[in-house]
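To start, the structure under review is shown below, and the notes come after it.
The first chain written gets the first letter, and so on, giving A, B, C, D, E, F and G; residue counts start at 1 in each chain.
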Amino acid sequence: MRLREVVVAVSVALMVLLLAYVVSAGGLGPLAPRELRELARSYLANAYNPWNVTQSSLSLEAVTAIVWDYRGIDTFFETSVLFASIVGVSLIFRGYRERPGIGGRGLSEIVKTSTRVLLPLILVAGVSIALHGHLTPGGGFQGGSFIAVLLVLATVVFSLDFLVERGLASGRLLALRSAGLLGVLATSVALLAVGLALGIDAYIFQNMVREGSELSMPQWLLDRPTGGTLLFFNVFEALAVAAGLALAFLVLSLREEEVGEAMAAGEWHE
Amino acid sequence: MSDPTTFLFAVVVLSLVANTGISLYGVFTRPSLVKKFISLTIFSDTLNSFAIAIGFRRVVGPYPSAAVLSSVPEDPDELLAFAGSAVDPLPQALVLTAIVIGLAVYMFLAGLIMLYHRHYRTTRMV
Amino acid sequence: MGRLLGYLTVFAMTYAFYVVFTGATSVFSLVLGALASAVVSVVVKPLVVSGEPRVSDIARLAYLAVYYLYYMVVAEVRAHVAIARTVFGRRMDISPAIVEVPYHVKTSYGMTLVAGSITNTPGTVVVQVDPERRRFYVHWLYAKAFEPDRAREEISAEFERFAQRIFG
Amino acid sequence: MLVAGLLPLFLMGAAFTIPALSLVVKSPRFYRVYATAVSLVGLAMALAVFLETRERGVVAYRFGGFRPPLGIVYTVDALGATLGLLSAFVLTMSVVYSTWMVRSRGEYLYYTLMLSLGAGSLGCLYTGDVFNLFVMLEVLSLSAYALVSFYRDNPRAVEASIRYAFVGMVATSLYLLASFVLYGSYGTLNMADIALKARNPAAWTPYSGWVFGDVVLSSAIAIALSAWTFTFKAAVFPNHFWLPDANPEAPTPVSALFVAVIDLIGAYGVIRFLYTLFGEGSAVGVLRHDILLVLHVLGALSALVGAMLLVVQTDVKKFIAYSTISHMGLAFMAATTGTESGVSAATLQLISNSLSEALLFYAAGVAIVAVGRSVEGVGFLRRSKVASAAFVVGLLNLFGVVPVFVGFWSKLFMFMAFLEVGYLASAVVLMASTGISGVGYVKLINYLARSTPGPREDPRLRSTLVPVLVVALTTLALVALGIAVVAVPEVGRAIREVGASAMDYASYVKAVIGW
Amino acid sequence: MIELVLVAAGLTLIAIGVFYDFVGAVGLLRLPNFFTRLHAATAGAIGGAVVPMIGASLVALGAEYLGPPRFFLAGAAFASGLLLMILAQAGSHAIARAAYLSGEAPREPILYDALEKGGGE
Amino acid sequence: MEVVPISIAAIAALLSIVATYLAVRSRDLLAAVVFSAVQSTAYALIYYVLMAPDIALVYIPVSVGILPAVTVMLVKKTERYEE
Amino acid sequence: MDLEVLISSALTALIPAYVASFVLYAVRVVKGPTIPDRVLAVDSLGYDLAAFMVVLSILLRSPLMVVCGLALVLWVYAFDIYVAKYLEAREMGG
C-alpha cells in the first residue's frame, strides 16, 4: 500500500508542478490581464444589443445570456445529466415506497416553527431570483437550487413523514420535474416548430431575429426586457431543478425500513 | 511579480493548484469511500475556481464589475464602456454548467455508496 | 372566510418580503412578484398556518413593531455590552448554568418568539424545550438564580409579556 | 443541417418523456415498444446525416442561429457521421435486444438511460465545440455508471460501478481542465477556430479575435490531459482496468454498448484532437509527434496485454472485454501513425471491432441466460443454428485471418499503414496479438463444439426470436460490410475518405467559419 | 443632508458590527467550553451580522452614486438581516440541543444543570 | 484599490488550503464534512471577490446546502470514522 | 463624490478587522475540539462573511451582488441543522 501511495503522490505532484509551470509561464495569457479575450468582449457587447439584434439575446445579464442562449445546447444537456442522475438514483432504489408512520419526529419545536416561517420567504426569494435571471445575477439554477435546498431543509427539520402527509411525495415531485423538463424542451424548439409550420427557416434554440429567420420571441414584458426565451427557460429550469434535486434527496434519505423493503423483494441478476 | 496585485493573484491561483494536488491525493489514497467522495467534490470545485481565475481581469478604473448591465443602455457607447469594465462571462457560464454536472454525479455516487455499504457493511475500498 | 384570511396573511407577508428583497421599482417585478407570491402562498399555506387566524392582524403588527423596537434597543444592547466586557475582561467572571424557565404563551409561534428572543440576546441560549410541561431549559452565562420562577423574572418575563399580546 | 442538430435532442427528449409517461402508463411492454421506435427513428436520422455528409462533405449546424465562435455549432464530417451511424445501429440493436433480455422492476428507467446514453454518444460524435464535448461525455458517462449498477443486488456490480464512477469523474474533470486551458490560451472553444489558430497563431477570426496566451505550452498540457481522458474512455492500457470490472456486471445489451460505443468515443476523441485540432503543421509541432508515439506504445502494450489476459479468462463476458481491450489497442496504434491510411484503418478496425464484439455479446447473452457466464456455457448456443453460426462469424472476424470478413481487411490495412511509416515493430505486435488472441478464440470455438450441462428454467428461453433476429441482423451487417469493403468501390472510397476527412482541417474550418 | 445622516448612521452601525465580529471571534477562542461559546457566537451573529446588514442598507439608501440598483442593495441587505434574526436563534438552539442530547460536547464548567435533574425527554 | 479585494481572495485561498488539507487528513468523517464546508465558504468568497455573483449564487446552495446534507446522510448511513 | 470617498475610505479601514476576526474563527474551526465547536465556528464565520459580502458590495460598487450574502446566511443555517440532526436523530429523514 505504501508504494501505491508514493506513486500516486509523485504523479499528482508532477501534474501539479506542470500546471503551476503552465500558469506561471503565461500559458493562459497573463494573470489578471487588463485586456479581455476578444470572445468575451463580443459576448459583453452583444448580450444586450438592440442595435445588432441578429447576434444578441437582449438580456441584461451576460452570463444568463450565454448559459441559455449562446450555449443553450450545453445547458440543455447539462440538465439532462441531472436528469440521468435522478433516474439513476431512482433506478438503484427502485421499488421504494414512502411509508408514513415509521416515527419521524424531526427537530425541536422551535426549529420547526422558525423553519415554517422561513418557508414562504425563501420560496419567494428563490422564485424572484429565477424570474429576474436575465436582469440581476441569478437564473433558473440559482433559483431552483434555493428552492431545492429549502425542500431538503424541510425534509431534515420536519422528517419525511410530515412531508409525505402533506403531499410532497416522490410521485408528485416527478410530475413537477417532468413538467419542467418538457417545458425546457418545448421552449427550445418552439420557434423551430412555428417555423416548420409556417414554412419559414428557423433554428433550434432560436430566440430573437436571426440571419435567415424573421421569427422572434417577445422582447419586452411590461417595462423590462424579457430576453425572449430566457424568462421561460429560467422558470422551467427552476421548477425542474428544484423538483429534481428534492426528489433525489428524498430517495436518498429514505429510512432503513423503506429501503430494506425495496431491497428485500429481491431482483434477479445475471 | 513587482506589482502587488499580480503577486496576490498568483497566490490565489497557485493555492488552487495546490488544492488540486491535495484533493487528488485524497481521492486516490484514502480508503474510505466517503472520504474519496469529499475529496472528489473539493477537486472539481478547485478546477472550477481555476476557470473563474482565468476569467478575471483588471481595469483602469477602480475595480472591474460583474457581467451584468445594471440598467437598460440608451446608446451603443454604454455597451462599449460595459465591455471595457466587466469580467469575462464565458468561464462563469461554463463553470455554472460544470457545477451542476458535478452535483448530478455526486448525487448518484452517494446512492451507490449507500448501496455498497448495504452489501459489504463497510465503506472501505482500495 | 377564515381560510381566505389565512391565505391573505401568508400572501401579504410573502409579498412584503418580496418587495423589500428585490427593492422592486419596476412594474415587471411588482406584477410577476404578485403572481409568484400568490402561487407560493397557495402552496405553503397548509404548512405555515395551523389554526384559523383572527381578524386582529393589524393590531398584532403594531405590537410586533413596538416589541421589536424595545427588544432591539434595550435588551440587546445591554446583553452585548455585557458579553463584550466578559470576552475582553482579564479574568472571566462567568457562572454558567442550565436553568429551568417556565413559559405561559399558548401557540407555537408565541413560544418560538420567546425562545428566539432569549437565544438572540447573548448570555442566554435555549438548550431544550419541553412543550408539554411548558418549560425552557436555558443555558445562562451569568446565572443569578437557579429557581425556575426567579430565573423567569430575570430572563424571559419581559419578552413573554409582548409575545402573549401578539400571539396569545 | 437540421437533422444532425436534432438527433441528440430528439433522443434526449424521448428520454425526458418516459418518466412523465410512467405516471400514466404502467405496462412495461409499452416502454419496450416506445424505446424501440425511438431508437429506430434515431437510426434513420443518423443514416440521413451520413448520406448528407457523403453528398456535401462537412456539414455544420448553428444552434440558435449564432455565428460560430459565439454559439455552438454541430460539425459533422465523414469520421463523425460514420461512427455516428455505427453507434446508432448498435444502440438500436441493444434496445431491441433488451426488450427480450431485461425483465426487471423499473424497466422504463432502464430504457430512459439507454436513450440518454445514445444521445450522449451521438452528441460527442457530432459536436464541434470543446466544452460541449465535455457535457456530452458526462451525459454518456453518467448513463453508463447507472446502467452498470442496474443489477443492484449484485455486490460486484455496485463495486464496479463505484470504481468506474470515481475514476471516470476524475477523468472527465481533467478533460474539463483541458477545455479551460484551451479557452485560456486560444480565447475560443470552437473546434474549427482552435484548429485554425493552432496552425496559424496569427490568425484572426470574427468575434474571437487573436489567440491570447502561449499556444504551444497550453496546447501541450491540454492534449496531455485530454489524452488521459480519452485513453480512459477507450480502455487503453494503463486505464483499461474499468472495462473488465464494469462490463461483465452490466446487463448484456449494455455490455455490448460499452464495447461498441463508449470505447469508440475515446478513439474518436484522440483522432479529433490529434488530427483535426492539433494536426500536422500545428503549433504543437514536435511535441505532437512525441505524444503520438506515447499513445502508439500504449496502444501496443494494450493490444498485447489484452490478448494475453484474454486467453486465461473463464468468464465469457470478461473474455470479450479483454478482446475489446486488445482490439482497441490495435485501433489506437493505427490511429497514432499520423497518416491518412492509418486513420482509415483505425476507423475500419473500430467498425469491425464494435460490430463483432457487440455480436459476440448478443449471441453469448442467450447462453448466459440459459447456463450462466462461464465460458463452457457457450456450448448451449448449438441449439440455435443462427446463434452458433453468428458466434463463429464474430470470433473469426476478430481473429482476422479469413479474407471474407471485415476484420481481416482492417488488420491488413493496419499492417500496410504500419509499413508505410516504417513501424516494423508495430507490425510485429499486430501479428503477435493476433496470434495470441487467436489461441483464445480457438478455445472458445472449441467450447462451442462441446455440450453443456442442462439449462436452467427461464421464461425468456421459451421464445428466442428477438435475440436471434438481432444476432442475424448484426451478422448480416458485418458480413455485408466485409464483402463490400473490397467488392463495392464506393464503400472502399468511403472508408478512405474518413481518413482524409480527419486530416483535412481546412474544409472543417471552412464549413464552420466560412474561410 | 439626509443622505449624510443616513450614511453616518449606517457607517456607525457597520463599525459596531465589526467590533462585535471581533468580540465573537475572540469569545469563541477564549471561553472555556462549547455552551459558553454559544453566547459569543450569538454576539457574533446578532451584533456582528444583523447590525452591519441594517447599517449597509442605510448606507446604500444614502449613497446616491450607486445608481438605481442601490434600492435593491438596501432591500436585500435589510431582508437578509431580518432573516438572520430568525435563523441565528434557531441554528444556535438546534446545535446546542443536539450537542447536549448527544453528549458530544463536555458540559463542564457548569454550576447547575436543571436538565440533568429530571428535565428533558 | 484593487489590492484590497484581491488580498482578501488570497487570504481565502490560503485558508482553503488549510481546510482542504484537514478535510483530506482528518479521520473523523463528520469533521471532514465541516472542513469541506469551510473550504466551500472560502471558495464562495473567492468567487465573490472575482466578480462572479452567478457562480457564488449557485455554488453556495450546492456545496453548502445540498452536498453537506448528502454527505452527512452518507456518514449517518455508513460509518463515522475512517479505518 | 465626497460621500463616495467617505464611504470607501471608512469601509476600507474596517476590512482588516473583518479579516482578523475571520482568521480567529478559522482558528476555532481548526482547533475543535468537538464537532459542535467546529460547527458553531463555521456558523459564525458564515454569518459574518455574509455581512462582509454585503459591505463589500457597497465598497466594490456592485449593488447587484448583494444576494450572495443572503444565500450564505440561509445555507450556513441549513448546514447547522444537518449536523444537529446527525447528532440527535437516528436517521436524517426521520
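Here is the rule we go by: a contact is a pair of C-beta atoms (placed from the backbone, for glycine too) under 8 Å apart; a residue touches a chain by one contact, two chains touch by 3 or more.
The structure displayed is predicted, hence computed values, not measured ones.
Traced through touching neighbours, the fewest hops from chain B to chain C number 2.
Of all chains in the assembly, those touching chain B and also chain F are A, G. Here A-G and F-G were compared by C-beta pairs in contact; the pair with more is F-G. Centres computed as Cα averages put chain B at a distance of 19 Å from chain G.
Work out the mean CA point of chain A and of chain B, and you get 16 Å between them. Chain A and chain E, compared by their mean Cα positions, are separated by 32 Å.
Spacing of chain A relative to chain D, judged by their CA centroids, is 29 angstrom.
Residue positions of chain C with contacts to 2 or more other chains are 17, 21-22, 115-116, 126, 128.
Annotation for chain B: residues touching 2 or more other chains are 5, 9, 18, 24-25, 33, 53-56, 58, 62-63, 65-68, 70-71, 86, 90, 92, 96-97, 100-101, 103-105, 107-108, 110, 112-115. Among the residues of chain D, those in touch with two or more other chains are 131, 135, 138, 142, 145-146, 149, 152, 183-184. Pairs of chains meeting the touch criterion: A-B, A-C, A-D, A-E, A-F, A-G, B-D, B-E, B-F, B-G, C-E, E-G, F-G. By the touch criterion given at the top, residues 19-20, 23, 26-27, 30-33, 35-36, 38-40, 42-43, 46-47, 68-69, 71-76, 78-79, 82, 85-86, 88-90, 92-93, 96-97, 100-101, 109-116, 119-121 of chain E touch chain C in their complex.
Residue ranges on chain F touching chain G, taken from their complex, read 4-5, 8, 11, 15, 18-19, 22, 28, 30-31, 33-35, 37-38, 41, 44-45, 48-49, 51, 53, 56-57, 60-61, 64-65, 68-69, 72-73, 75-77.
Note for the complex: chain E touches chain G at residues 3-4, 7, 11, 14-15, 17-19, 21-22, 24-26, 28-29, 34, 37-38, 41, 44-45, 48-50, 52-53, 56, 59-60, 62-67, 69-70, 72-73, 76-77, 79-80, 83-84, 87-88, 90-92, 94-99, 101-102, 104-106.
Across the interface of their complex, chain E is touched by residues 17, 19-25, 76, 80, 83-84, 86-88, 92, 94-100, 115-117, 119-128, 130, 135, 137, 139, 141, 143, 146, 148 of chain C.
Contact residues on chain B toward chain F in their complex (touch as defined above): 4-5, 8-9, 11-12, 15-16, 18-19, 22-23, 25-26, 30-35, 37-39, 41-42, 45-46, 48-49, 52-53, 55-56, 58, 62-68, 86-87, 92, 95-96, 99-100, 103, 106-107, 110, 113-114, 117, 122-124.
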